[in-house]
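Each chain carries a letter (A, B and C) given by its place in the written order, and its residues are counted from 1.
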Amino acid sequence: MTACLSVRDLSVLASAKPILHPISFTVSPGETVAVTGESGSGKSTLARALMGLLPNGFKTCGQIIFEGKDLTTLPESAFRDLRGCRIAMVFQEPMTALNPIRRIGKQISDTLRLHGAVPSRDIAPHVQQLLDRVGLRRAGVSAQAYPHALSGGQRQRVLLAMAIACKPALLIADEFTTALDSRTQAEMMDLVKELAVEHEMGVLMISHDLGVIRRQAQRVLVLQQGYLVESNETEQLFDAPRHPYTRALLSMSLHGTSHPPLTRIPVPTDVSKGVQR
Amino acid sequence: MSALLEAKNIAYSVPERGSSVFGSRKKTVLQDVSLHVAERETLGIVGSSGSGKSTLSRILTGLIRPEKGKILFQGQDLRDANRQVRKDIRPSIQMIFQDPQGALDPRQTVRQIVKEPLHQMALSNDEKERRVLEALADVALPQDAADRYPRMFSGGQRQRIAIARALVTRPSVIVADEAVSALDVSTQAVVLNLLLDLQKRHGLSYIFVSHDLAVIRHISHRVAVLDEGKIVETGPTLSVMDHPQHAATQDLIDASL
Amino acid sequence: MTLHRAPKSLLAGSVLLLGCLIPATIVWIWHGGHAPFIDIPNRYAPPSLTHPLGTDPFGRDLASYVLTGAFNTTAIAVLSVALATVIGTILGLVGANGGKRGWAVMSAADLGLAFPPILIAAMLVTAQGASATGEILAIALFGIPAQIRITKQAAQSILVLDYISAARMAGFGSVAVTIRHVLPNIAPILIVHASTSLALAILSEAGLSYLGLGAPPPQPDLGRALASYQIHIFDHPFLVAAPGVTVMVLVLGFNLLGDGLRDLLERPFARNEESLS
């Protein structure tokens, strides 16, 4: 199986200061790869670098190979065609990503029309199909609804419908479920998982939540202060972490590991200091 | 064990979205909620979003007045109490908020922020100053933190400042609304440890509100499960977690792993 | 704050305004606030060393006339914006605190926004004759509804934050909370708005006096100068260009100042969002 995304020695510099050190990994079709780390680890920088959305003054080195093209050398206009179509994204904050004064059905059909994904007479039924697929029709949400009338989880479903509208090869989810409560979170994750298999779509998931990652990802990349310190299969990572930082993260997490209640959680003193490689 | 803070038959509703100034329909947020927390005890309140847990924590701290029901502190009804008594009781119940950005006024120094709850207390300025430094020491922030602004601190440190603000009145109950939900794993661990230490050191009671079952399980002695404005299950944490009686509890447990 | 860190627009705006208003103030004091001396035999004089821009149809020094006019226009603009800011801010804060009173204020503001400013000015002039006071009131009345809306919106975004709840728990009432927490945090928005309102107020002042609704002669006035000298646009272009350019410089100056202040004052808050990763 060929990789759908292949990153080779990608690094990011912010005004000559490295904030992401060279990192290499691949994402295969249908596979979910998680990127985790604490704030300042560089995980959001990585996501934005992949989407070509780094702010001015940031410089990338290395290669991002997607469908045979190197995204780092792609002109902005060509990148724009890829974004939202072959590479889709979903973010944490659904309210800022949706237009508050447009009906959700219209916003989904805008995406379809923009990328010319389906012939225009098929757009309306396609929108209905998408709403159905992300479970909004079942919840009684119509294409005529405005974003403010929806709950946080429903808005995320709209975003997901827009993201998968053009059947992308890669979905980047940046702390997608972080703002949701755990029950809605679980539902959303199951949905993404199904869609990934259905569309043979690679998923790169950025999350700080180890519970979510364990449930969702096949492989995990652990970042610490801009360095990739461990890349491992999910089961192995949780059962036998190789890097001391991963071990420290797992030992402190309340998800997956059981600490006796009402006792101090062992916090390694060196966890926030420096990088051990 | 007698109850320190008790809520009896609390009900609350809000005008439904889309209703006008003239004649409005009501949407029930809380319905006949009763709970209590004893001295040195932690009561965890767990529920998904929309279960009414944020409203409940605001009612417990007196920020919102319930439509029905009453709040008792050491057996005394806060609504019946006269102004002076209320003024005396108020500092005993404090709150820690979720959002580390919005919980601290960016234009105030840490000293001003932490001092604020002492405003109505009959203390000399020297005593207030002493209390502020004591509270900062309690949460292990350096003394020179007092004259800096919130933006100069990390997320975890900002949450410590918020905890110091809650401690400065020497309260007996602290209501924590999603106090660690927005924090990194290591910061979350450090803050939870701090809260456990403070409970031992000062004999505090906590009402810990969260959607995160793992956090609730770690820190609570007893747990109450809130679902659609009603308490559907309550009991010692481990027995509720291991033998859930209600479907909503089971759902939360399934979702957390 | 060091100069090189200040936004360019702030510097440019300050240079324009100071370059215009410092000489204007000196000339205004020199003439004791009156128009320059009338010297009929010397009218329509071309530019010379004694009269750098020549003289007007009454033989008055055009440069002094325009500078005094600039001072008057700015003074009227500043007074009306100050009035609108004070009244609009107080009412906006009342509106933000909600309740029946807040609802009444906001309804009145909406009604006010529907009134064309020219109509307000015409009504005031009819009621009490053309005067600088009438002009100040008209421009202020025009600005108040917008000021109310901006204040209300800004205050409401602060009032939902948790530090407001914390202050209420400490026993502070609405007024104390507003003074302690809301005003300091919305001050940058108010300052920026005041600065851009000044540009609009200058334009309004010039417009009103162009229509003859401003201060009566002999008080030097840029708008009136434009109106009465426009017939000389081909034979004595300086007569039209001097007041016109002065209005333009003032408007541009205040607009640039507003832009610069926005960059400067709202930067501390932007900083949090800038921190990637």
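Going forward, contacts are C-beta pairs under 8 Å (C-beta built on N, C-alpha and C of every residue); 3 or more make two chains touch, one makes a residue touch a chain.
Predicted, not measured: the structure shown is a model, and the values here were computed from it.
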| item | value |
| --- | --- |
| Pair of chains ranked first by number of touching C-beta pairs | A-B |
| Per Cα centroids, the chain farthest from subunit A | C |
| Distance from the mean Cα position of subunit C to that of subunit B, given in whole angstrom | 47 |
| Separation of mean Cα positions, subunit B and subunit A [Å, integer] | 32 |
| Subunit A, residues touching no fewer than two other chains | 39 |
| Touch list for subunit A against partner subunit B, complex | 38-39, 149, 151-153, 180-186, 208, 210-211, 215, 248-249, 252-256, 259, 261-265, 267, 271-272 |
| Parts of subunit B lying in touch with subunit A, wherever the complex brings them together | 17, 42, 48-50, 154-155, 184-190, 192-193, 196-197, 211-215, 217-221, 237-238, 251-252, 254-257 |
| Contact set on subunit C toward subunit B in their complex | 103, 160-163, 165-172, 181, 184-185, 268-269, 271-272 |
| Residue ranges of subunit B touching subunit C (in the complex, touch as defined) | 21, 58, 61-63, 87, 90, 94-95, 97-99, 101-108, 113, 116-120, 151, 165 |
